[in-house]
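Two complexes, one shared chain (chain A), two partners (chain B, chain C).
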Partner chain A sequence: MSDGWPPEAVDYVQAIADTKLMLSHWYAEQAFIGPNIQDNIALFSLTQDEYGQVRQFFLQLEGQGLDGDRLRSDREREEFHNAATTDEPAPDWTRFEVRFGLTDRAAHLMFDAIVHDDFAGLTEKMSEEEYSHFDFHDGWLEHLADAEPEAFRAALAESLPDVLTFIGPAAYDDDTDPLVTAGFTDRSAAELRGAFLDHLEGIVEGTAVTVPDPDPVALEEWDERRRRVAGGGIGADVLDSIRGTGNEEFAVR
Partner chain B sequence: MTYEVLARVSAGDDLKHIGSVEAPSDKLARNYADTTYDEEDWSVMVLVKREDLVRVTGDVTEAIGAGELV
Partner chain C sequence: MSTQNVRVTGSGADPSQDVSELERRLVDRIDADVMDPHIPVSLVEMGMIYDVRYDDGDVTVDMTYPCMGCPAYQMIQEDVTHCLLSVEEVEDVEIEVVWDPVWSKDRLDEDVQRKLRESGTAI
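== the complex of A and B ==
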């Protein structure tokens, strides 16, 4: 399709962009949480990929009439539509990988499903960048599930519901997902959830970890714009960091 | 596990040993090598597990100690 986007598509792309903005933030902010210097280097590389992709998504959203300055910095906390898993920093390495690694994978599945002409070539380029993310996150997730199954299981129980809520409700199938029926994506939320859970099963295969039964996410409780069921959001200190509030005097005007 | 990193810049160049990475799996080793040794636009980069090196001459342990495999 080559016409304008339906309102749900604008929300969908903003949720992906805001989630990637927060992944970029935490990859940089917590780069030294990694166990090895190679992890620190890798996380700085990942943060650049994510921020580059955020810029591209914001440009697309500007093309749909959204204000670029507002998207980049002039927003309040509740106006960020990031996945709930990316509201706060991770307290340790296992939760960092489970929380952010799985959110990174979910965001990829979601943007890879976009088939609108405005994204022709763009999402393919982004997917190429994501291969390095997959090696990094999948490599660590497989290792942590095997080496620290208890901690991994606890981290999964904590984060999986929010990741699945970000992907969307199980009730959205090919006939009912408004993005699919509008021709904006070619895979429904139900199909993406299935693909995500299949991937997760592969990660923990052969370890003592099992994937918990997924929460289908009740459609009536789901906030379509923010892709979560509860409130909450990023903290005031995170917003200051994103805006560069503390360094405003050095900004070139 | 230790992985030796070998790379060439252009087709036809010698494949050279450029360093090593420590990683628990091939996937992580690939990522570490890619992000750590990104000073060139390598046309080829491959990894070999140090334990898989087949000795022909010399002492690999000594070579490691002498910094020849680092």
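== the complex of A and C ==
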């Protein structure tokens, strides 16, 4: 596909970009507190990757007429279309990995499905970078599912519905997903959900954790722009942090 | 990557199209003046410059990055712009960041790989 984007595609790419922006934020925050120095270093690297990818997604959105300055620094909280799993920090390491590791995986599946010519090479490069993310996250997720099955189960029950809602409703198949029918992606939300759940099954295989029955996400309740079913969003303190409000006096003009 | 190999890749560049003497000089200028800020090789040696096109005072540079989150992303583009604006025939410079084809270590020739190893960079 080489012509203009359908409106749903702009929303789709912004949701991926905003989710990655929040992943970058939480990775950076966690990078100061462990669980150990090797993970700190890895998390800083993940932060840098995510932020670099956000920069390119925002440039693509600018190409579709969105205001770049607004995307980068002038938005209000309700204008962020990040996955609900990335609204708040994770209170412990198990929930950090389940929330953000699985959201990172979902975002990759979503951008990897884009086949529009504007993303030629771009998503391939991002996928190269994501390889190290999955090395890191999947290793931890497999370990935590085995070592702390109860905490892992609880974290999964808390986060899985929001991750699947971010990917999209199960009712969107090859014939009904507007992104597929417009030729912007080559895999429907239903197919991406299936791929995500297959991957998750592989992670918990051989442990005491089982994957809960997935919520199909009711199409009539689903907010296509924000890719969630309920309201909510990032807090005012998080917005200040993303904007760098507290550091404005140090900015080079 | 040598200056002779610029405009050999994708991003809309026609590999069969001849490179003018002036365009070759512009690539040489980047090679001489703009170093990768992290390692002791030029952007051209790093294979980050895909194409340099000159049209009546306007120069367009297609370039890429080995790392999408490069902290020197903007600084490098400004270095290239300033470097080319110092050439008498150049009035304006536009940088186009491209990702197709994706940069890889295959773009480093043996001499560059040696320089990187000697600087302590794993490749």
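What we mean here is this: the second predicted complex is superposed on the first by the 251 of 253 C-alpha atoms of A that agree within 3 Å, B and C clash if a C-alpha of one lies under 4 Å from a C-alpha of the other, contacts with A are read in each partner's own complex, and residues count from 1 in each chain.
By our rule, contacts are C-beta pairs under 8 Å (C-beta built on N, C-alpha and C of every residue); 3 or more make two chains touch, one makes a residue touch a chain.
It should be emphasised that the depicted structure is a prediction, and the values quoted were computed from it without experimental measurement.
Asks: For A:Arg70, is the partner it touches chain B (first), chain C (second), both, or none of the two (neither)?
Replies: neither
Asks: Scan A:Glu128 for contacts with chain B and chain C and give back first, second, both or neither.
Replies: Only chain C; A:Glu128 stays clear of chain B.
Asks: Under the stated touch criterion, which partner chain does A:Ala120 make contact with: chain B (first), chain C (second), both, or neither?
Replies: Only chain C; A:Ala120 stays clear of chain B.
Asks: Considering only touches as defined above, state whether A:Gly52 meets chain B (first), chain C (second), both or neither.
Replies: second
Asks: Show me the residue ranges of chain B that touch chain A in the complex, using the header's touch definition.
Replies: Its residues touching chain A are 21-28, 30-32, 34-36, 38.
Asks: Can you tell me which positions in chain A touch chain B when the two form their complex?
Replies: Touch residues, chain A against chain B: 36, 38, 41-42, 45, 132, 135-136, 138-140, 142-143, 147.
Asks: Going by the contact rule set out above, which residues of chain C touch chain A in the complex?
Replies: 10, 67-71, 73, 97-103
Asks: Flag every residue of chain A that touches chain C in the complex, lowest number first.
Replies: Going through chain A, the ones touching chain C are 48-53, 55-56, 59, 120-122, 124-126, 128-129.
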